[in-house]
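Okay, so chain A shows up in both of these, paired with chain B first and chain C after.
What follows is the complex of A and B.
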């Protein structure tokens, strides 16, 4: 008690001594310069990224846009550039999108719920957590090899849509788990406490309060990871998706191709017309991806009506 | 205790040698208290003295803190809350809790009230329940025309009264309040204090507060905590006018804390 009083008086005395600024005026100018430089540096990095993107997109649009016609969407691919279209590829991509989502979302979100809400804080859980992080950074071709071994050969699914979608589901699973976990983690403790204090059981707290509150975040992560699956090429080539398909798949057991593979195939041909076709297909793929990203933003806004 | 207090002397909640630990650190040291039905009990003391920890052990909210361990007994309606036979979920529907920061659900005002009763299987008239609960929480007049708006559109004070209404809707015996006014402006604080005085006719209230004037205004009994020990307890008037322990007097007169 006495000590606090002493230090209080000494602070007052210090304040009464002559007023001397602690700001060094000479260094002030230098600091302002650094401040400006750092600002410019940050600005130029974002400009660099944007300019690169714009150049790429403009280049692709210039070379591909003249090939975009109704025929381009309704024709199958062909040896003749004028008759080639992306019907098979776009239908294949849609199938893959739906199937991958159907496999990966329930699995990924449930795994995230288990890890965040139910898993004990033990060594083995920590170990699983670290490895999910590792899997998220694994090169996609490795997933292709896993898919080839397990789905195509061992389970005998052959080069079907089912094998391809399961492979891509494996690929995006770690990303869905991690982003869903982050969304669940971000739900404030006060919300759980409020629910428990009203006599809620654990599952009621998790499914009726925590999950709805985490939904915008979960949806964003899910849509972004599914759009990654739509853009993947390597794992599908490994499991043997075809590059020349003149039919649309009718069931999950059919062979298939997807947009990125069609693009890869056209881009590797020597003729200039096929390169332009590839650019046209890239435009379609980009529009699809942008649409999915906008959907993610829209859903997040919509479900955030009641902000936390 | 004088004989005149006997008209209201049914004990509803009682702790016996209650100790609470966080890991190796002991936060509450062997606290004994008896709360009478229909009264307001105030827990006061400097920050970190364990009053919130103590409060949260009365409806087993400390169960969710993985390092917390409770030793001792809490009797509610003659049963020890920490015996294996007691279901903490059921218990919390009878001993409600209002938190320091208003924490309405991210739902409409209406659904904030009905959520608790619904998950506990209430099948009666929801509209009536909502109206009754909001009226008892002195919020009905302000929100009756916008029951389906988001609870987050309300002011902080209104949100806190909504949280009280939500707790009342469960028709609990006891309401625990953990510094319910600390995040509110003086006017909202006034509204909540009036509400507490009104509510004690129906419910028993145990309130943690760092505001001694508040304890003096609204409580019947006061419990003074310091470093996890219950230093002194008794009739609020007596504690505030002639406390028997020097430390209590020092705290109440503002010499520390």
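What follows is the complex of A and C.
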């Protein structure tokens, strides 16, 4: 960066008289200084963010890692920190992950296909588009309230996995729709035209050409939004997901707890050991999230047929 | 490969949708509990022990706060509500309107502890002084409370207004009808209050005894004098149990829905709850930082529940 600037100044200097070159040098020095300052500013912001993250993660690992053991995964929660584990929470989180994906992905991807490929360019479509954008920015607790009113109370699903997953599916739906739309939008027009030229019907073009081409992008968006759902606490607390559960769910009608709620519960206990236990559960959650994000990147790299 | 993924996704969603059919929903043996975070540790411990011996009965405990729990209790959504205060008049009214009968069972004592920094000049305090501090925003320094105290700014920490602990403290210290200052640092997370008070020499806060006991090294609990002539009593297992730590010693309750108690497994759980609370050898209540009732009180509790059951049968 600095090198390019140097050569640039010398080029300018060549064409100037001595006096002008002194003035220019001053000007250039000032510009270079600004350039450097801006560079340092950007650098320090990223450093600040990284340092904070590292401190947090290191702090959590130090206080939690000694509690990670096989028992920690196979025990239910307990009033004795040494016997407490995350069996119910991790099973609950897994159920929620699968169910939320099952509800949100087909709906979200279909909606994106419709909006990109079929929807006419009319006012109402634009209106829907704006609303989806707004919904994506809504605080998650609002979805909790919707879930409580509609799924828990009105549809009488009670505090079941079904109610929880549907609520989280609603939460991630706008994000899935938007990211899938972006992926579909990025498929080159030439691909569609080639398919049409070979006599393909519209649905064949969409389903056999556009969708596979857009899939890496769609998958990335989907996995990132599902990992958001896994880390959510607020909407689940609102619909009444539970703190003490000593069984693993056997069907979608069962009650459940999830990792973030277990963490929240342990962190608010008076005893220090439970705070360490919360840190251990945070490590598990972090590993889970890292794994999902890694999978997203991997899938994108692997199936990227077209450099979009 | 990519087509396979698409088909796999479709398959997963189909399975998801078929699993939605209501047919799989059976009546399960479950005991649904919600309510106060103060009572939660006790109920959690009871549920833990109960689940060990009754694997077929699913006990679940939520934490919605005493008020939030009563809302669910009065909507027949839960069988038992954990409560750190008595049911309020307007809640009783709703219960009557809906024809919900219930029984209040005190299960343990808690002593709301008034805490300061270990290096604070204070070791004891009168209720009248506490009232002065917490009633309104006018009191800014220790000197405003008592001319003999230092002229330094008081930093106050306490639970938010939704908490049953707040309700009880307000009622016995400043009075039900009177106002309560609103400029103190509020948190629903008692650990935050512990952090606040233990980090500031001029801080004062209040919360349940369990949080004081777990942080004894970082805090000092003030002895409280119930009036200007009485001697100050420090909170501790003995003074909380016999009520001499007055007026901040309080019973905490579970509320049992009568209709629900007719279900064999709910009845079994409540019975277990009472039996284990009485069981000194097990000492569950003490383990989680609360103070058990005395023997005769537990006997009265058992009789009360039995009478309630018989009346319902």
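FYI, the second predicted complex is superposed on the first by the 278 of 308 C-alpha atoms of A that agree within 3 Å, B and C clash if a C-alpha of one lies under 4 Å from a C-alpha of the other, contacts with A are read in each partner's own complex, and residues count from 1 in each chain.
Definition applied: a residue touches a chain if its C-beta (ideal position, glycine included) is under 8 Å from a C-beta of that chain, and two chains touch if they have at least 3 such contacts.
Please read these numbers as outputs of a predicted model, since none were measured by experiment.
> Would you sort A:136 into first (chain B), second (chain C), both or neither based on which partner it touches?
Neither chain B nor chain C is touched by A:136.
> Per the contact definition in the header, classify A:61: touching chain B only (first), chain C only (second), both, or neither.
Neither partner.
> Would you sort A:255 into first (chain B), second (chain C), both or neither based on which partner it touches?
The second partner, chain C, only.
> If you stack the two complexes on chain A, which partner ends up touching A:194: first (chain B), second (chain C), both, or neither?
A:194 contacts chain B only, not chain C.
> Quick check for you: in the superposed arrangement, does A:242 touch first (chain B), second (chain C), both or neither?
second
> In the overlay, answer first, second, both or neither for which of chain B and chain C A:292 touches.
A:292 sits against neither chain B nor chain C.
> So which one touches more of the residues on chain A, chain B or chain C?
C
> Contacts for A:102 in the overlay, against chain B (first) and chain C (second): which applies, first, second, both or neither?
second
> Both chain B and chain C contact which residues of chain A?
212
> In the complex of these two chains, what residues of chain A are touching chain B?
Result: residues 1, 121, 188, 190-201, 204, 208-209, 212-213, 305-308 of chain A touch chain B.
> Where on chain B is chain A touching in the complex?
Residues 59, 61, 64, 66, 89-94, 96-97, 99, 101, 103-108, 115-116, 119-120, 150-152, 163, 166-167, 170, 255-256 of chain B touch chain A in their complex.
> Please output the residues of chain C touching chain A within their complex, sorted ascending.
Against chain A, chain C makes touches at 1-3, 5-6, 9-10, 12-13, 15-17, 19-20, 24-25, 28, 30, 32, 34, 37, 40-41, 43-45, 47-48, 51, 58-64, 72, 77, 189-191, 194, 210-211, 213-215, 284, 287-289.
> Going by the contact rule set out above, which residues of chain A touch chain C in the complex?
76-80, 98-99, 101-103, 105-106, 109, 158-159, 162, 211-212, 215, 219, 240-247, 251-255, 265, 267-272, 275, 303
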